[in-house]
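Pasting a structure here, questions to come.
Chain naming follows the written order as A, B and C, and within any one chain the residues start at number 1.
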């Protein structure tokens, strides 16, 4: 009997000794959902000038009354380069936005260029600008592991092909008012699609032998893990949401030096081009998918991705379904990096 | 033509049964029902609603025929077929036939009891339990048959859930100290695969019951729900929910007082594998204890304490009976926008559409007007508190007088959307009496009364965090035996709600992602009056006038009332 | 898989240690059989055992003295004592039991085959069949009656030894007039007529056996087909009248017997005691109503008697009684006694008595020969003798 009472009292005490509140909140904060939006502290930079060559950084701080989706764009006032940060924190004094001179959209920032940070909100019309920051020196252009092509050599033997709708398929210094992201040239694929025509407009195939000029048929990677090999390139969109770019890698599965499209695999990554300006695009080789076009790389002899057998990179311009007319895309500085995407 | 084929098939099937009946034991049972509702809608709503029909008549007949077959002393088979026909349109809605229940139960070596097919499953209030729905208790006698019909149709036994699978029971006898051990195991199918991306979901459970010293019971319960990944080859996603529970019961006496002590504690684990954006749900604990004692034969006192953490998940225990997302069978939509009409008291008490038949994986929504403290039963997560109950009954078998009072105090463990937590309090009282015994009347006169007041409070920023919600329920019932077997029955139910609340919206992972802000100034009344003729214990005819009025002062333009004449004939044999 | 293997190993170990498995029953999740679930099992069985809760009418008036006594009982500690003598001034005499707290009882599952059973005895001496009317009252006040009959007894008369009474509930179904609602029974009432002094105890409603189709064999009627049919040998299984009372001492004697191991020893002197019960009764078919295979004239009754004084034989009358109440008797005279003597182990001389059934005057009393109830031995005045091996034999 006594034991039972002790057990009962013990259980009772455990129940109510454990009756402390849990400080974690369940669900989104009510004040974020129903509270009034107000800019409590405007966005401000930690410095007026920054030298990215010395690995300096800029911290942006601010405070809102509620948690809401925001976007901070750091804009180069001369070059038009943009670095974009997004988030929904309401107080970024504690965890400020940190900028180390990298870009999201090309071109690159320039030396002695003034920049400004612009804060915008998804759910509110307000736009706030910070004070100007001057870049005294730019960040050194980081290297890439394998440069596929920077398209600076117009005489390079690109293998171009079309189904008759191509209007431009080559390198350009300034195509329709667009400048390259780096150096002097970039590659343009353009076509004119009729309403009932095929979605495919034109394409360009660049073999590893031509790209690397090393005498080897294949790209030579330091790792065989497709997830650790990143393809990077600057892609220009005209903002008309018409083109789709398919970046494809053809594998010579039997290593006979010849790619047989009906028997050997090709892995691609398709990008709907829905932006305006230069955008750095990155993806790992592991993210690519095998071609679904019958007779064009949809069969892989080895049944898996073999980066060391990539014999060529191919760029295909397609129209997005339901669109027609002039369709164009720009490509610059295509490269491979290992273990992480290219961070300019 | 189809009718003739159905009848012929029935007769053909019954022929071998009739032949077998002469050799083996076969028993027939079943039920029959005729229900007809003739209603009309009125109120301020009609001033702006030109779409909703003003009158509706709906009805149905159904007949359940059950077979109980006992091929041997150790095996029995039970099957129930159902024929239903909606009274719809000029030619009728057509007959629907289906198999309503089928199971095989037997004994193996008289040591193992097994059952395959339909199962009525129940464990503890934290592992597998069908908690009572809103407004279901302490109702006037006028509502008895309607609630019995719903419970029968939805297979609500004694807080059990109907599942399909297999179950086995066996036990061991030991000695004077360790008396016995009983083991029960079950596996049931909770969801059928689509063979592509939705895998099979199975529910498995086990109970081990140990008895010591004849009065001390220890129990372990396990409820485990899991997806069978290999049953859908286009998806690697997998969900599992496991609940472990340890229980204790002990009966003892101090002097002349009898005491019963019970307690249960345990925890739950939820895992999502290969699901996009799936969270990592931490372990959720729970503990409960209660003590019941009888100061005398007429009185009882019960004390109960509960703590259920925010992340405690138990699909078997937190599935609700009432589904407020369902659509009513009458006047389902209202206003010119054809919005779904919110459920009122008459819907919840008489419309089976609002009731779930199976377990649900997510925490379903509830209406705080009807229940805001424990909407998921005792297993409601994010609650801690205590209840005290006092009951009195004299000559209960005569129905002379019974009365109960209960006081509850609960609060949340973690705040929803804010660091502040809700505080709940409730007081409830009911009484029931056959008062004809007091004045030695020959004709039975029964009076019942029920009152409940719930209060929810939370501090915080006004209009953003602060909550103040008061809800009250009153139920009055009268039943008078006019002549033997014929009762005149009346009931009056009132629900009032005033204040505000923030109702959580949950995603597929049961995480709160939003709050719906609601204000209440609601008055609902339900009046019932009619006659009930009891042909026999399980055979009655009810003719009843039902009048419900729903008025939200914050939306006066949506005020409506529904008047309905209801005829219900219900028979069990 | 591993868990299952470990579990099975655990089970085997338990079995090997001699731990017994519990026997399972074919019940549902709540412990009910199908019949209980369909409420075909009657559960309100105990009407009276030791308590008098829900019993009314236990009082003393001019005409009755009904009470609960705690000194004598068939089982437990209490029984109900009923003493009454209804005269013209008395209104209704009786008592009632609401049982199960006056809850409405549904007797419909048991009305066809069930029975009201209780144990009865005389308070003192013997009691002839009392006039009792059993009534089932429903909640609307309608009462349905059935009469207490002698055939419900195990033996007659009612003496100081407890015996079981079974009153079939089907008797209520045969009552005339509007019947009670047997699904809504309030109480069992007993109306007492005439006079009586009895104790009753352990009143129960028992279920009868369910019949699996076909015609049920009616209990209570049988035909003796095997002869000789033994009526008495070493025990009195279906007989009454034993005991040592004032003026009579009738016992089973294992010292003096001719066949088997015992005989019936009768010793009486009732010359000055006219009211003493002077009879014994024997039934040879479990107290069922007996018909003989052939006509009665085809059979004889035989027995062996040892009387130290042969004149005592003249003090005996042999007779039969039917279930319809008719009796035939015949005096035991020399006509039926054979001259041959049979000597037992003690050297006592036994005589065979053989009475043809044709000697009885069946016609005079219009005896229903299809419903023999008992063989009666009536003794008068004074005497002592032993009787052994009573049987019916074919001529």
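One rule holds in what follows: a residue touches a chain if its C-beta (ideal position, glycine included) is under 8 Å from a C-beta of that chain, and two chains touch if they have at least 3 such contacts.
Quick caveat: nothing in here was measured; it's all calculated off a predicted structure.
Chemist: For chain A, which other chain has the most distant CA centre?
Modeler: Farthest chain from chain A, going by C-alpha centroids: C.
Chemist: Based on Cα centres, what is the most central chain?
Modeler: B
Chemist: Please report how many Å separate the Cα centroid of chain A from that of chain B, as a whole number.
Modeler: 53
Chemist: Report the inter-centroid distance (CA atoms only) between chain A and chain C in whole Å.
Modeler: Comparing mean C-alpha positions, chain C is 103 Å from chain A.
Chemist: Where in chain A do residues touch two or more other chains at once?
Modeler: none
Chemist: Using the touch rule from the top, collect the residues of chain A that touch chain B in their complex.
Modeler: Where chain A meets chain B, its residues are 1, 4, 7-8, 11-12, 14-16, 18-19, 21-31, 33-35.
Chemist: Give the list of chain B residues in touch with chain A in this complex.
Modeler: Chain B reaches chain A through residues 248, 250, 252, 254, 261, 263, 265, 287-289, 291, 305-307, 309-310, 382, 384, 413-419, 421, 460-461, 463-465, 502, 504, 511-515, 517.
Chemist: Any idea which chain B residues touch chain C in the complex?
Modeler: 21-22, 25, 27, 29, 68, 70, 73-74, 76, 78, 105-107, 110-113, 119-122, 157-158, 160, 169-174, 180, 182, 395-398, 442, 484, 536-537
Chemist: Under the touch definition given earlier, write down the residues of chain C that touch chain B in their complex.
Modeler: Contacts found on chain C: 14, 19-30, 34, 38-39, 100-103, 106, 139-141, 181, 183-184, 212-213.
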